[in-house]
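Per-chain numbering from 1; labels A, B, C and D assigned in written order.
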């Protein structure tokens, strides 16, 4: 066999299996979307004329890419949360996807997301894509539902902090005629209440009335649908813009990992499936 | 600070740094390109009418995607080799890219490749892309130049074995009127010489005269260009279809890791750069 | 600084931190105690005349070594289970011992155990120690109390299986006059009931009346002691030979990880201490 | 099978294989030998009356424990270096010991060392051992001979720095009548030449004439012995106190990893053996 004398190089492939029974979170981040990257002409968002502080179309494109990932990994990924140029996917603790090999999980999720993002670009954005955008990813293991819930609370708290800042910043620039530097200086050291005050007094913006889409980010869930004619419940992929820090969301979605759940209780029976079902049918453009 | 009570979830992000001074190979593979994946309608190559046994356009598209990766990581990735729906990238042993964090390296390379593949599709392929294709990746560390060279020999030997089989298989089907099952049965157990014989006797195909593009795969290198007017040599990205198992290639490319090199000798001075230089300028369509 | 040009070699020390909030089990095993190891003259147990099927003194020595480990890591190791030449230690999920560096945890526990074993030998055994015995170790992470409890059930089930076999085997040899080979052949394929039957019919041994020490192995726990005069409960290290597969033990030791516990509930407040407290005071011989 | 329902807990044992073809260094360190550990009564060296700055007997005991490790792993460990309460062992890059499982390698080496240390104590030390001493360990992978050599240079440079400091420090205390605090203050900020000067001027100590044992630490090697009557060279375990930073040692020991060696050249043929050969025969007391 021609290749057999070289096949020993496979021995260097080390195992990177995720610990069984842990929840896995894969978070992906855009490269150079909003921050300047050395060597790049400018930021991706700037080059493609994203609206500030939020570009609804660009966010919808992110959501569409994330839904593609969730459809591909239905039965494995149960929840996702996105804001700005990042998205977090929750893989069920009992999923055996790719035998839980971390590099496979990270790379395939990032690839699916990137592919769907570029593929669907023209259906969401008005300007042509000028060059291939890219993302990177990481994987984190969480032992119990408590940390999972706190992880998503952490991301949504971050959404709030960033969006509040960006909203008042761009109001100062776009409506207040300040330079970006002046706006930064005005906001330096201000607490949350002061930012609300500036928006309300100077620009008549009631922050809490702004779209939940921007304030709360996007949560994707596979939710069971009651169907009296079927023994096994169907599920549908829902796109939500709701608070996921408080209890309401989690109580309403008992299929999600619940911190208050008794660990020894039988787990929700996920309809485990092989990867790939329906590949490509769901970018419904 | 609103998010601070949840920030402890970051403590679960474990380090995954690659061992210093090892060569890193990132290999990416197409998902469901040529093999049937459970749940998928059919294979990606079939759905998009790839020519058999080799589709030159589809291979050129792979090469273009790989060149995009090499331009983005110039000074870090020094060599790449591709065949069929896979590509291997060699990261220099002294590269500090992403502080050698494995998940970052794998995910960003896979994302850049995927993005460029979808972005450039319409410039290489005649049929429209029907759904987002995807890839996965892995990373392997090699301690010395010897294993690096054997790794690439392993992939090129694999190219040879696969292409020889595919060429005679599709000759039997397309020119010989056999069914795919019949062709498989005819080839079962045949050695290399017998496959050559079938091609030559029945179809007048001299395998060794077929394009090196198909028989040898594609090798990408950053090669120094002699330039008497500059102290520091310029480099250009070259696309080759040559043997990389024997010594000739490696002797002609002293900038590559050379198994015979004295370990203690000073390494080739790679022009290390920050990632991102020239982002998007190189998909020259 | 004389050493600074070489200090870069520290960069090759990779992190090996255990996942936060997981229970850690370190299991140590004797090397060549009961099984023949290539190159060794004979088995350690044979060379030192251990009684068969169980040597109470040798087991007590194991327990003493394990108690030394538990005293050194009080507040971190909450439970241990031993049988034959192996011992398992449970490190609390919230322990920050050695910043959860796996190699440090494994190596120091194995070293403490080994040291105490050799140190205390002369106080437990009648024959002098002929050469230095050794152990190896491994570390396993468990995300929830359920797996922890099943781990210890697995070890105690193993104790039962091995001890049942060994007891009837050595009865056949010592009392029945069979050779070791004959005894093996007689027992081949027998189920549990048949082994009980052989012991009872041929040797009048009622297995269930044999000492729990041999049938159940040894469980070590730090148990709270009610003390009306103190706000904070004192704890004492208890040595038990009881069933730990059923619920009784776990219900009686609410300080142990309880599978039925609500994950979100506040954890038992372990009196966390720095390592090393009381070093050397407890091998009370 | 009684235990089979629990056997799933083994799935949580993750692989921790060291990268093939890398040199492995296991370094062990005494716990609380010279530094104060919280909770301990005092330092181990103090409690057992070690001479300052160096206790030759205690160092010989360390060497004896290290020789025990080297004999147990003959053919796998080729070199060791010790100073104070630490010892480093070099495992050959081609060793397949324990299938290169890191936790097994670390724990067994630390256990063998600890066991031999306690076992041989009474033959080297005048005072009885008061409690079980312990060590911890770590494992580092090095890709090439260059880093291996620099690692050992790093340790010997450290020996020099520490011994120089300790020698003048204890001269000031023992011969100069200073308190430990005064001695520290005197030495604060002094460079090497100043320390030499203090010793020579105040105490007539010529540092370079002190025993190499203290200044150079101890190097253990398996050296080939020329034997005209045997085809295969015998080896003997040698205990050296020599410089290992310069070239002389390495040139004289071509069986050691040589940074200048051609990577592709055939490796020294180590007589690979199963672990355990000669267990216990070598603590020649």
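The definition used in the following text is that contacts are C-beta pairs under 8 Å (C-beta built on N, C-alpha and C of every residue); 3 or more make two chains touch, one makes a residue touch a chain.
Since this is a predicted model, take the numbers as computed values, not measurements.
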item: Comparison of A-B and B-D by number of C-beta pairs in contact, larger one; value: A-B
item: Chain at maximum distance from subunit B, centres defined as averaged CA atoms; value: C
item: Interchain centroid distance [CA atoms averaged], subunit A/subunit D, Å; value: 50
item: Cα-centroid distance, subunit B relative to subunit D, in whole angstrom; value: 45
item: Inter-centroid spacing, subunit B versus subunit A (mean Cα positions, whole Å); value: 29
item: Junction residues of subunit B, two or more chains touched; value: 12, 14, 19-21, 141, 147
item: Residue numbers on subunit C that touch subunit B, as the complex places them; value: 11-12, 14-15, 17, 19-21
item: Subunit A-facing residues of subunit B, complex; value: 1-3, 6-9, 12-14, 16, 28, 31-32, 37-41, 68, 72, 102-104, 106-108, 110-120, 129-142, 147, 150-151, 153-154, 157-158, 160-161, 192, 273-281, 283
item: Residues of subunit C defined as touching subunit A within the complex; value: 19-22, 93, 141, 143-147, 259-264
